[in-house]
């Protein structure tokens, strides 16, 4: 039973009353849920693009110089006779990273779930600025299309790594790419605008639009994580935009920010990029951690272990994340003393992450574990992210970084935290909130098969990369067999490639499940996961306006599972009023409207 | 208001994206075939000449002592080193018997009647990379005549064309048998070709609008034929020793001799 | 079937490899705790009919323990690491008796300049060789890195040496080889289409071989 506060008088008039056309409702929607779903479809498309690029990379690394099956459709400038050219290979590695980081993982975690979950989990009717929110989506889509167009330019896509180091990226005569490099800068500026608009919305909504009773420390960890992530975004993205504009100017209007011949500094780019880049990777993991917390508590039927520690760990990670960027530059030629300071901060940032892992274990400890698909993927996240986080310690220790920097060991680390971490969390989140988005359930047995097959093929793909990295295989090289010292481990590249092809194929199970269930999935009951969150007090799919014109009351924290206050059941929703509960006083001025 | 913002932003985008250097002239399609037979060394570019017309021929020599051509250490590229019985040297100054100077690009710099156009032949000029060297080292090609670049070595070569009047290009050929085709759209003397993986690999191509050019052979001799009557300035270009010019008048179908001498310092 | 770092070839390999092993043990312990914990909990605490989870919001004592132990471990690791970091990378650590070589990185080759008979770089008797670095064994060597065009990175896996070469910067990296033989140099920073082909070799000679090679170079060049 939910108790709902009376609708507050709204002087602005209610835009929800006017009937909306198809375009207003589904295309140019200002409803945060529709916007979240739009982000979902577009980002899954870019995830597919990133995956296709990865398949080509793995082909070349496993079978250097061999014609690729299907490669005949590529133009001669990329792969004559299906043989991937070196200049195309470096476009592949560059754009794989670019699409995955900026147009797949970031929008999937933030564009989708910050948009979809924040108002629902706080009891709000929508975001603070719905129209700016709509612009945030369309700008992100525009940025993605601009970036994609790079491949269709006469001299191809950018190719200096997703990290775009200068002078390579600033000098078309040295890189070979002109137009698409400028489009990269423009795309990044547009994407940054999208991110900042989104962040402004998320931050304002969390601060101002919490339902009565939703105090700061009753917010779910997913919302805490998305809130902190939004702060990171609004501060970090503009730095990248600035750097991208400086790069664009160096290429087009004759400035020399990064040109050493004219007094510029190549290292300036690295400092700017990584000052953005390190908070960016926390943007790519914190929302995942937050959602995983919600799901593990739900799956364990237990409160999250150490809720306050978890909040402080999120804040600690975000704060420390601003002062570790130089660990990407240990070999760059910057003053080694700076290396020492960055090493200290980097080693320390391992601590709050460790705290979170132990708290997830603590949540599972003595629980009643239900292994639904989201729970399986969330546990997979914990296992795989732990490996990724621990491998980071090797690099943080600067002398050990010397042999492993810019090798496949780093690539292994990146993929353990971004795939083993963020992507598993996304499989969990997509499955968990699917009924809220679409009113149907994804197929459970298929989801379980997808999880186990993914877990196996994923580890087969990425774990051996640690080994070939230790063996010295450098990043972004077109043909490892050029080097005598790498020839003995080439068989591992073959193994990794086959595993990667299998991993990619397995994802079609998820894609099929996702698309098929839209139409044919089991109709979702009201609260399919017996979850405590506010969103589950609404029908599935959630209606436009959420609880409008009413606002829910919140009586407790988000993780009251197996509470002694409600022994007839093992969950206690935040909105359920017990006889001993009193209605909260509205905490915010706008009252959630 | 919105329209104004969009047009300003759109204009700014267009200005930055469409800056100088992006105006593409004719697209350069690459050849599809991957030829696995070992190609022979390409002959020097043959200029198409008409049956009638005068001829300028001569011998190129140099005075002084030719500088030593440094040896090329190909130890780091075993597959290329294996193709040589004696140590290969750079081709800075290729001297023949009696101080003959080879690899001199000779062309008609002035004197061709204005407005006269010549059709480029469709047969390509072949540039072969064999033993980590370009064959030929110096050659001529007509505007819009195809240049077919072949890799006869089982390793990566890239062909970087450093051009000012033509669009520069940089293409890679990682495997033996790969073939790519390019054309030049504007006359340019000379376009430098280099391989960045093998720093000693250099070639020079003279792009001309007419067929009146030649490259001196090992004995220093060159021939330019098919010239209509007129007074011509010919220029001889050498990669290290600079240029020399001469003036020749052709009245009918005779052969005029023009010998040119460079100073080797 | 070698699944480890390459064979040690310099004085840096000992400390780096030892640190690597220590970190592997520490992270291995953490990994085992977490993964065994996950699997054990999945088995032991799976939902059973009629069961109820243990309602607790946490334990401050547990938080303190599992915050303090990682923190202390990281601090100790940092202190030990820094000692070696300074030794390997600080300018002041370059031995005064190191033999200096100029290594100029360029798309896509390494131009190695030798000091010549006078033993000083930057004088008229210097000579440059492509893609071959000849050095004496058991003596400190300093490579003065520069770049012609984009950022490259000088990397010799067996020596545990890596240093970016940045255009506009003059960066010196030092090491001391402990084994004679041939080793490969790779470029460890994406520098263009020929990045993978920027392979060069280091020849570590006995003192006699090294002097013989220098003499041969002075008299006319490679064979």
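Going in written order, the chains are labelled A, B and C, and every chain counts its residues from 1.
The rule is simple: contacts are C-beta pairs under 8 Å (C-beta built on N, C-alpha and C of every residue); 3 or more make two chains touch, one makes a residue touch a chain.
These figures come from a predicted structure and were not determined experimentally.
Asks: Closest chain to the protein's overall Cα mean, using per-chain Cα means, please.
Replies: Closest chain centre to the overall C-alpha centroid: A.
Asks: Which chain's centre, taken as the mean of its Cα atoms, is farthest from the centre of subunit A?
Replies: Following the centroid criterion, the farthest chain would be B.
Asks: Report which of B-C and A-B is connected by more C-beta pairs in contact.
Replies: A-B
Asks: Measure off the straight-line distance from the CA centroid of subunit A to the CA centroid of subunit C, and report it in whole Å.
Replies: Roughly 31 Å separates the two chain centres.
Asks: Take the average of all CA coordinates in subunit B, do the same for subunit C, and state the distance between these two points in whole angstrom.
Replies: Roughly 44 Å separates the two chain centres.
Asks: Please tell me the distance, in whole Å, between the geometric centres of subunit A and subunit B computed from their C-alpha atoms.
Replies: About 52 Å separates the centre of subunit A from that of subunit B.
Asks: Specify, in ascending order, the residues of subunit C that touch 2 or more different other chains.
Replies: Within subunit C, residues 107, 192-194, 197, 199 contact more than one other chain.
Asks: Two-or-more-chain contact residues of subunit B, please, as numbers and ranges.
Replies: 156, 158, 170, 172
Asks: Could you check subunit A for residues that touch two or more other chains and list them?
Replies: Each of 85-87, 176, 478-479 in subunit A touches at least two other chains.
Asks: What residues of subunit A sit close enough to touch subunit B in their complex?
Replies: Contact set of subunit A toward subunit B: 65, 76-77, 80-81, 83, 85-87, 154, 172-173, 176, 178-179, 182-183, 186, 248, 252-253, 478-479.
Asks: Which bits of subunit B are touching subunit C when the two form their complex?
Replies: 70-71, 73, 75-76, 87, 155-156, 158, 170, 172, 196-200
Asks: Would you tell me which residues of subunit A are touching subunit C in their complex?
Replies: Residues of subunit A touching subunit C: 85-87, 90, 93, 159-161, 165-168, 171, 174-176, 260-261, 264-267, 300-309, 331-333, 336-337, 339-340, 343-344, 347-348, 350-351, 354-355, 357-359, 361-362, 364-371, 379, 382-383, 386-387, 390-391, 393-394, 397-400, 402-403, 405-407, 467, 470-472, 474-480, 482-485, 488-489, 559, 561-564, 570.
Asks: Along subunit C, where are the residues that touch subunit A in the complex?
Replies: 2-6, 12, 15-16, 19-20, 23-24, 26-27, 30-31, 34-35, 37-38, 41-42, 45-48, 51-59, 62-63, 66-67, 70-71, 74-75, 77-78, 81-82, 84-86, 88-91, 107, 149-151, 153, 155, 157-158, 160-169, 171, 183-184, 186-197, 199
Asks: Looking at the complex, which residues from subunit C come into contact with subunit B?
Replies: Subunit C reaches subunit B through residues 106-109, 111, 129-132, 192-194, 197, 199-201, 221-223.
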